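Shared between the two complexes below is chain A, which has chain B as its partner in the first and chain C in the second.
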Partner chain A sequence: MLNPVIVFENVHYTYPGDELESLCGVDLAIERGSFVAVLGRNGSGKSTLAKHMNAILVPTSGRVLIDGIDTADEAKVLEVRRRVGMVFQNPDNQIVANVVEDDVAFAPENLGVEPTEIRRRVDAALALTGMSEYSMHAPHLLSGGQKQRVAIAGVIAMEPEILVLDEPTAMLDPLGRKEVVDTAYALCKARGMTVVLITHHMDECVDADRLLVMSNGSIAADGSPAAVFSDQALMEREGLGVPETARLLQALRASGMALPEDRLDTEGCAEAIAQAIRTEA
Partner chain B sequence: MAEIKAEGLTYVYSAGTPFEKTAIEDVSLTIGQGELVAVIGHTGSGKSTFIQHLNALLTPSAGRVLLDGEDINRDKYSRRDVKRRVGLVFQYPEYQLFEETVYRDIAFGPRNMKLPEGEIDERVREAARFVGVDEGLFEHSPLELSGGQKRRIAIAGVIAMRPEVLILDEPTAGLDPAGCAQLQENICRYREETGSTVLLVSHNMDDVARLAGRVVVFDHGRVVMDGSPAEVFSHAGRLLEIGLNVPRASELALALRKKGVPVPEDVFTHERLLASLLALREGRPC
Partner chain C sequence: MLKDITLGQYFPGDSVVHRLDARTKLVLVIVYIVALFQAQSWLGFGLVTLVTAGCVAASRIPPKTMFKGVKPMLFIIVLTAMLNIFYTSGTPVLPGWIITWEGISRACQMVLRIVLLISGTFLLTYTTSPIALTDGLEMLLNPLRRLHVPVHEMTMMMSMALRFIPTLIEETDKIMSAQKARGADFETGGLVQRAKALLPILVPLFVSAFRRADELAVAMESRCYHGGEGRTRMKQLRMGRADHIALFLGAAFLAAMIALKRLGL
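Moving on, here comes the complex of A and B:
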C-alpha cells in the first residue's frame, strides 16, 4: 500500500465485563482517499472496529495508527478526533442546535476556530452536502436524510481527512438513504476524503473501492466488491445477501454465458447482459 | 371474521389552522380475512395516517372504518374493542419497552384485558414462541437485550393480545439481513397458524415482492395502485417516478428492456428474471 492513513496492527479488544473478544487480532491498512465499505451481521465487530478509528475505543492489545498517531496516546486524542469525523445511525441524537448552520458551526466553535473561518467552513460543508438552501431551517423539521446530511456537514466542518459512517442509513427511507450514500461517495471521489462506510445494505457497497466483511471480530473477507460478492458461500455463511446484479451475473455465467463479474451497478449489468445476448445471437 | 373496510376515508391534520394539511383523501379499500397486504408509499404519502385509522388511533375527518361491517368509531366501547382486535406495531417499537422483565412486558396487554392469570401465562408463552424469544429470557430486563431481541419482545407484546388483524410499520428496519429474514418468517408463521390478517408497511420492495399477496400503493394521500405484486411491479417506471423503489429484479428488467432485451414487464423476482433471460437466449418464449 502506498499511503495508508488508517493502520490496525494485531488489534484485540474486549468490552469491560465481557469474556469474549469483540476484535480478535485485526490487521488492516486503509489507503488514503479510498472508499471502504464494511459489512457483517450484528455483533460481528463492525461498530467496534469503527469506534477504534477515532479513539472512542482503544485496543486492549495491539495498536491503531491514524496518520501515524497512536490512538492510545491520551495526549493526542484531540489530534486523532480532528482527523477522523464520525457519523452515527440516529440523526436525532447528533443534532444539537435549533438552526442548521448553528449546528454545523458547533464543532469548529468548540475547537476555537476564528469566526470568519467558521463562516467559510460552514458554507463549504453545507454546499458539499447539498444543504445550503436549508442553512436557516430548523433541523427537527427536516427529513431523516436531510438531518443525516446536516450531521455529516457538522463533521466535515471540522475538516477531517477521514469520514467514518456507522450505519448512517439504517433509519432512513430509500430516498434519504440515496442522499446520504451519494454524499459520502461524492466526498471521497471529488474531495479525496477517505471514507469508511459501515452498513447492512449490500447495494451501498457496490461502488466502493474495497469491501470488508467482519465475522466474530475478525476480517472474513477483503477485496473488491465484485470479488467478495462472487463468493456466495461466504456471503451465505455470514448471513448477508448478495446484490441482485451479482446473483444474476453469476447464475448466467454458470449456464455458460460469457459475462464479467464486476458490473454490479444496474446500468452496467444490464449493458453487459444485453451485449452478451446480442453477441450470441 | 375480521374484514376491514375503509369507506371514503379522509383525514385533515390541524384543520382550521394555517397548518391545515390533508393527509389522506377519499381512501376506499377492503382487506379480507387472512390477507397479507403490503402498504407502500414514500415518506409523507399518507400510509402511516391510513394505518393509524384502522385501530381508531385517529378518527376520520370524513368517511368510516368498518370492522366486520361495524363502524369502529361508533362509541367508546367499539373504539376500545378495536384496539384489542387490531394490533398495531409502530416503527422502532423497542423504544416503547418499559417493564422490569421481558415476561411482564409481554404480559402488559393481556393483563390490561383483565384476563385470568392462567390465560395471561398461556398467551405470553405463545407470543414468545411466535417471535422466537426463548423462555430463558423471561426474567431478564428487556433493556439489557440486543436491538433485535427487543424488537421481538415488543412485537410479542402486541401478539399476546391475539389480534385478528396485525399491522406492522417497518418491522425489520435497522435489523441485519439474517435478523430481517428470521422476523419475516415469524410473522408469516403467525399468520398461517392463526389465520390473522397482516398489513405490512415496508420500504423494502424485495421483501414486499417475496411476502405479500397484495400490494397497495399510496401517493399524495390516495391509493394509486392496488393489486398482486406482479401487477403492481409491472409498472416499475411509474413507481420510480413517484419516488418509490422497485424490487432489484424489476429494476434490472427495466434497464434490460431499455437496452432492447425483451424481458416481460411482470418479471419482479430473481428466479423469473433468470428464467426469462435463459429462455431468450435459447430463442424460447419467456
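Moving on, here comes the complex of A and C:
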C-alpha cells in the first residue's frame, strides 16, 4: 500500500467485564482517499473496529495508527479525533444544539477556531452536505436523513481527513438511506476524503473501492465488492444476502450468458445485460 | 397534549427585544423582578403593567402566546387569589361576610404580580435563542469560576436539557401510545390510580434517557469536546448602543419603583 492513513497492527480488544475478545488480532491498512465499506452481522465486531479509529476505544494489545499517530497516546487524543470524524447510528443522540448551524459549529468551537473561520467552515460543511437551506431550522423537526446529514456536516466542520460512519443508515427509511450514502460517496469522490462506512445493507457497499467482511472479531473477507460478493459460500456463512444485481448476474452467467462480475450498481447491471443480449442476437 | 408545553421555547424574530444582547436581557429580567416586588399600590402595579405591555409589544410576540405560557400556572394563581380573598381582614363587602374589600384588592394584586412575573421571564426565553441564553449566563457567572463553581459545565447541562426537551416529549408520546396499545389506561380513576399509571411510562423513559446520555457523551467526545477550556464561539455576544439604552431604562424603571415605595404610593 502506498499511503495508508489508518493502520491496525495485530489489534486485540476485550470489553471490560467480557470474557470473549471482540477484536482478535486485526491487521488492516486503509489507503488515503479510498472508500472502504465494512459488512458483518450484529456482534461481528464492526462497531468495535470503528470505535478504535478515533480513540473512543484503545486496543487491549496491538496498536492503531491514524496518520502515524498512536491512538493510545493520551496527549494526542484530540489530534486523532480532529482527523477522524465519526458519525453514529442515532441522529438524535449526536446533535447538541437547537439550531442546525449552531450544532455544526460545535466541533470547531471545541477546537478553539476563530469565530470568522468557524462561520466559513459551517457554511462550507452545510453546502457540502446539501443542508444550507436548513441552517436556521430546529434539528428535531428535520427528517431522519436530514438529521444524519447535519451530523455529517457537524464532523466535516472539523475538516477531518477521515470520515467514519458507524451504521449511519440503520434507523432511516430508504429515501433517507440514499441521501446519507450518496453524501458519503460524494465526499470521498469529490473531496478526496477517506471514508469508512460500517453497514449491514449490501447495496450500500456496491460502489466502494474495498469491502471488508467482519466475523467474530476478525476480518473474514477483504477485496473489491465484486470479488467478495461472488464468494457465495462466504456470504451465506456470514448470513449476508448478496445484492440483487450480483445474484441476477450470477444466475444469468450460470445459464450461459457472457456477463461481467463487477457491474453491481443497478444501471451498470442493466447496461451489461442489454449489451450481452445485443451481442447474442 | 404534551406538545403544548412552551417552557423554554424560542420564537425566532428580528425585533428590538430579539436583537438585544442576551446578557442585557438576563440583567433586565432580574431588575424587572426586583422592581415588580417593590410595587405596593395600584399606581406601582399600573407602572409595571405598562412597562411589561410595552416590552411585549416591542418584541412582537403575540399576546395570545404570552397567555398560553400563563395557562399551566392557573391552579396556583386561583389558589393564591382564594387565600387572599378569604384571609384578609378589613371592612366586609356586605355586613357579616368574611370577604373584605381589602381582600379583593390584595387578591387582584397577587394575581397581577404572578402573571407579570411569568410574562416577564417568558419574554426572555421567547426572544433569546437557548445558545445565546446559556452563553450569556456563562459570561455573567464567569467571576464565580474563581470560587471553583463549575460555570461552564452548569450552562452546558442547561443547554443540553433545553435541546432534549422536544426529543423526550416525542419519546414520551411514543411510549404512551405503546402502553395504550397494550391496554394501559391513563384517563380514568382517582389521583393515586392515575399517578400509578404513569409508572410504566417513566421507567422506559428513564432507561432510554440514560442510553441517550451515554451515546451523546461519546458523540460529543468524538467532536473534540473537552470542557470549557480553550473553547471559542461562532456567535460572539456584542453589547451595542441599544443595550446601553435598555440598561439605562431598566435602571431608571427600578429607581422609579423604589421611589414610589419610599413615598408610600
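General remarks:
Keep in mind that, in the parts below, the second predicted complex is superposed on the first by the 281 of 281 C-alpha atoms of A that agree within 3 Å, B and C clash if a C-alpha of one lies under 4 Å from a C-alpha of the other, contacts with A are read in each partner's own complex, and residues count from 1 in each chain.
Going forward, a residue touches a chain if its C-beta (ideal position, glycine included) is under 8 Å from a C-beta of that chain, and two chains touch if they have at least 3 such contacts.
Predicted, not measured: the structure shown is a model, and the values here were computed from it.
Of the two partner chains placed by superposition, only chain C is touched by A:Phe88; chain B is not.
When the two structures are aligned on the shared chain, A:Thr245 is found in touch with chain B, with no touch to chain C. In the superposition on chain A, A:Asp173 makes contact with chain B only, not with chain C.
Once chain A of one complex is fitted onto chain A of the other, the partner contacts of A:Gly154 are limited to chain C, with no touch recorded for chain B. Contacts of A:Glu109 after superposition: chain C is touched, whereas chain B is not reached. Within chain A, not a single residue is touched by chain B in the first complex and by chain C in the second. Per the touch definition, chain C reaches chain A in the complex via residues 10, 12, 129-131, 159-160, 162-163, 166-167, 170, 212, 215-216, 218-226, 230-236. By the touch criterion stated above, chain B contacts chain A in their complex at residues 42-43, 92, 146-148, 173-179, 203, 206, 243-245, 247-249, 251-252, 255-256, 258-261, 270, 273-274, 277-278, 280-281. Residues 41-43, 89, 143-144, 167, 170-171, 173-176, 200, 203, 239-241, 243-245, 247-248, 251-252, 255, 257, 266-267, 269-271, 273-274, 277, 280 of chain A touch chain B in their complex. Here chain A touches chain C in the complex through residues 54, 56, 78, 81-82, 85-86, 88, 90, 92-99, 101-102, 105-115, 118-119, 122, 136, 138, 140, 154-155, 158, going by the rule given at the top.
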